[in-house]
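Each structure below is given as structure tokens.
One chain, chain A, appears in both complexes that follow, with chain B as partner in the first and chain C in the second.
So, the complex of A and B:
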């Protein structure tokens, strides 16, 4: 009897008019169940982000009292040639790393897709660089690119070329950092491309084969167009990570303990945006300006993500 | 049954949420400093000798639980984060020498050690070191741990083969000016081709600046990096490059380490702690090294402090602990454990510092470092020295490594400094 009486209100609650008023009350335990993530995000994500915005309108040495600075940090940011040159440095390194990386990842993925034996061994091996500590990689690459004893110079000399002082010349530094990033990310992106490749229906390949298409034609006419969403994803992720590169340059170019470890090598050739942010914040204790630099970096990353997205999407629509 | 389970769940969730939110919003649940009998000390690996820490723990066990915690990673940023967060602040905190100038403007975060009777210890410590721990307004923040007197490290056999003075006393006496030092570098290169006296021009530039009493910004927040003392250091560094006595290698790279091993880089200007770097980085060179005075006068590089934070509930007790840990006898034990060169001259005569060092051919290195530590100039270090010194150091590196035109490099450095000075509110 009691259950029969309880039922109608439940039904009434499900009508559209009743839902907005009592939704929170009815589903609160569901919200509570998903709340840990949001609470943690609030405490460790949103609050610090909001605080950094607040900080960028102040002068602060990290310890004493904050002093209101208005827009002066941003005004200085716009006129700071070091910041602009760090954007240039980051973009050059990003381009040097990303385009070869995407090409290699694509080739690797196609090869992995057609591999018959040891498929999982290959996948594991290609993924391994991505989970290796960047610090460890950078130390190894420091040896690989060393002037007198490095592997790279040994190869150059073996084919009769001159030594290059990789970590002592502006272009050498950029190439070394980009190579490190390429090595680290090729395998990861190859796995992503592989997942994309496996969504391409095999009927299309069969049809192409029946029509007499060769493998190159198949790749450019079928595989590539259908991989466009994957390509977009890879490009956006590489842009976001590549524009925030930091550890690579920091460890590769760190100098004696007495020197700044954020200076980015001779001529600041490896001083990326984030490295510059670290130098301003933690070497100079200029936390307010550091926060402004961080927001500058954020804007640059947003702009390039939008450009990437539009480029790839437009090509998709043609 | 169903109701009570739901009630339990509800109570549990509410409790969790309240704890989480409470932790976020109200600071009163989190203790500012330590609680109970605890006395928390923060330092970094190698910042204090292990023996001293252990002995202090036992010695003060009846009154406090001394918890000495080694903080890894970027020490300064962790300490200021904790201080700014006003939660779980250590009672005693190590402060690194190179960061000291940037702590001093915030002296109110620390207990003024003079109020605890620090003055009566002053005469036992190196005067220039003692001064480094005192803020502009006279408050004393840091109690001296160690110092880093810089000397001239060289390889005995290589100097002998090159026809240079090779006994420490002779090297100290004859290479006593930068002119003689550079001339020795030229002779070295002529006699043994492919050899350089120093790794880079920065070691000349920075040591010459450090030899003096002025840095880049003065007490009145005025930029002085364009004055004679910096120009002089710059000119000497450029001269070192022009006369070809520096290599094109970078310190710490495999190339440089191997050049040191093979005697292609038989000399360097290093602080007392660099003896450990060489022993670890170039173990093969054991016995080949000697130590002599640096040209002109010694400089200092590194050396740290202990401080007592405002959160400490028993400053007097904390002060007793640190002044005991850093007395002459315990500093000698810190030297043995961690290579911390004492800031107490009375330690220099103690047995631990009189040991002949086989890595340096049986030389008693304190014979050089001890007198050097006592000849270091008292200097004013500004919190803005890092920001306004870096552009000049970067540009002299460009001269040394990339071969940039020195005049262009100097004017680039100066225009960058002017811009940064304006931004930081430093007059020029």
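So, the complex of A and C:
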């Protein structure tokens, strides 16, 4: 599979007489073939993104006329404690979901890599949570974490512990959302780690065994270093998607407030950044401020992706 | 068969029988955790709300599934919204497969001025977060009258950077240049090459992209939630969310039945394409 991968394409170079500059007439069909994506992006990507930048310097309720606001939306954003607390909420949920998820996914992948029987059955079953719709599964998790009749509380009661008002307390809400995410993404990432593990040559393990290394040493000295590119991929993808989480919290907590389905639950404890963006935009019809919030979210995601990238890379270089 | 399995066994990990049993015990526990919410949905959708609210919780399926299904169909246009979801996910999948594979074919196998620049741009676009565009998209589509209709969901999704990138990687190795050369000598023009040479070879890749696109569209929620402003004409995910929002605290059995039934088409698609998806997902990540 890998041998043919880097082979340079030769087709178009078969006619060396034609200079690339002879231009549009010669290549028009190629440009036409790739144009749909770029046209769609122009109409539904570039223009909207440019417009949202423009919008963030204005005040607009979506109906009346736009009013120039200069930098005041951004100035307000920086001083908006609700926005800052939504960043905190998002990061806490992200951390609560991502670290257990990566740990569990790695352990699962290592185990799957050494188990031969039923490997495909396990892979199928572990991947299943990821193909389900978040809306449906958030409804299910809502009932699992329900204060009055939820399964988690029933279990706590059965072993004699106090019940927890999961969807009513700041930490309960975050734990419930993070549990949902961990459940949905652990298997998916385990499959990715497994693919990474299968590129590790078995001679390395053989050599480690001959040298008398125990499984823990083998994991930290061989498996983990070689898995670093995969870990980087998983971490960056989890950061980008995790920091933009919306559906989990929205569906789990939409019943908890009478005036907004984007409230994020009691005390806004589950109000992620994107949830806050939706609330400002579509509940308050504050399109100008909503646009500024969207750019703020974009910046936060970029910053944290870069931080993750550097952390994982530097550790590898040591 | 036993001998084949023995040769597959990685050399370093020829553990004792006891270790193997422990390993499978942990793996099965993980499997049960993965499957449990589905089982829980089945249990809740087969009980009445009164039973659900009682203690101790029911752990086995009950007899009230049909009652819940009837309540569900009385309260939402379940099949209408399912048809909407099928329409959206189906047409987006067909469009994406066509546009993405055509563009990927060009990027994988042809040289033309601006190729590197255009492909670099594509990768950049890949990283633009969607919510930056949501407000203007909403405003634009309200102007041209697409808000409230499925067009608002289908057209913007008809081609995407991920699919082009992924298919390009796939086509670079899967389509042999000799094959293209031969067809060129036979006088095949560009579209014929695409249709008769490229597509048949990359069918597994198309299957992967198609299934992934379909599932992604089927599950899409944030944009449909704001774009479909007529509550009677929505996709299944939005309908489910409405059901949960309005009836969530009263008729849990019915809401859970809706959640369960909404998963069925997905599970069917996944069962058909599971091998493809799980195999190719790994390939994409470690490439």
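Throughout what follows, the second predicted complex is superposed on the first by the 285 of 318 C-alpha atoms of A that agree within 3 Å, B and C clash if a C-alpha of one lies under 4 Å from a C-alpha of the other, contacts with A are read in each partner's own complex, and residues count from 1 in each chain.
Convention: a residue touches a chain if its C-beta (ideal position, glycine included) is under 8 Å from a C-beta of that chain, and two chains touch if they have at least 3 such contacts.
Since this is a predicted model, take the numbers as computed values, not measurements.
For the composite obtained by overlaying on chain A, chain B and chain C cannot both be accommodated without a clash. Within the superposed three-chain model, A:29 lies in touch with chain B and with chain C [touch as defined at top].
In the superposition on chain A, A:266 makes contact with chain B only, not with chain C.
By the touch criterion defined above, A:142 lies against chain B and chain C together after alignment on the C-alpha atoms of chain A.
By the touch criterion defined above, A:62 reaches both chain B and chain C.
In the superposed model, A:248 lies in contact with neither chain B nor chain C. Once the two complexes are overlaid on the shared chain, A:125 sits against chain C while remaining clear of chain B. By the touch criterion defined above, A:285 reaches chain B but does not reach chain C.
Judged by the number of chain A residues each one touches, C leads among chain B and chain C. Once the two complexes are overlaid on the shared chain, A:230 sits against chain C while remaining clear of chain B. Under the contact criterion defined above, the residues of chain A that touch both chain B in one complex and chain C in the other are 29, 43, 62, 142-143, 148-149, 254-255, 282.
Of all the residues in chain A, the ones that touch chain B in their complex are 29, 32, 35, 39, 42-43, 61-64, 76, 79-80, 82, 142-143, 146-150, 165, 167-170, 254-256, 258-260, 263, 266-268, 279, 282-286, 289. Only residues 1-2, 4-5, 7, 9-14, 20-21, 23, 27, 29-31, 33-34, 36-38, 40-41, 43-45, 47-49, 51-52, 55, 62, 104, 108, 111-118, 120, 122-129, 131-137, 139-144, 148-149, 151, 154, 157-158, 183, 187-188, 191-192, 194-196, 198-199, 202, 205-206, 208-209, 218, 229-230, 233-234, 244, 246-247, 250-251, 254-255, 261, 274, 277-278, 281-282, 287, 290-291, 294-295, 297-298, 301 of chain A touch chain C when the two sit together in their complex.
Note for the complex: chain B touches chain A at residues 9-10, 13, 17, 20-21, 24, 74, 76-77, 80, 83-84, 98, 102-103, 105-106, 109, 202, 206, 248-255, 258, 301-302, 383, 386-387, 390, 393-394, 397-398, 401-402, 404, 416, 419, 423-424.
On the side of chain C, the complex with chain A involves touching residues 5, 8-13, 15, 20, 23-24, 26-27, 30-31, 33-35, 37-38, 40-41, 44, 52-57, 99-100, 102-103, 105-113, 118, 121-122, 125, 128-129, 131-137, 139-140, 155-156, 158-161, 164, 172-173, 176-177, 180-181, 184, 190-191, 194, 215, 218-219, 221-222, 226, 237, 240-241, 244-245, 248-249, 252, 255-256, 258-260, 262-263, 266-267, 269-270, 274-275, 277-278, 281-283, 285-287.
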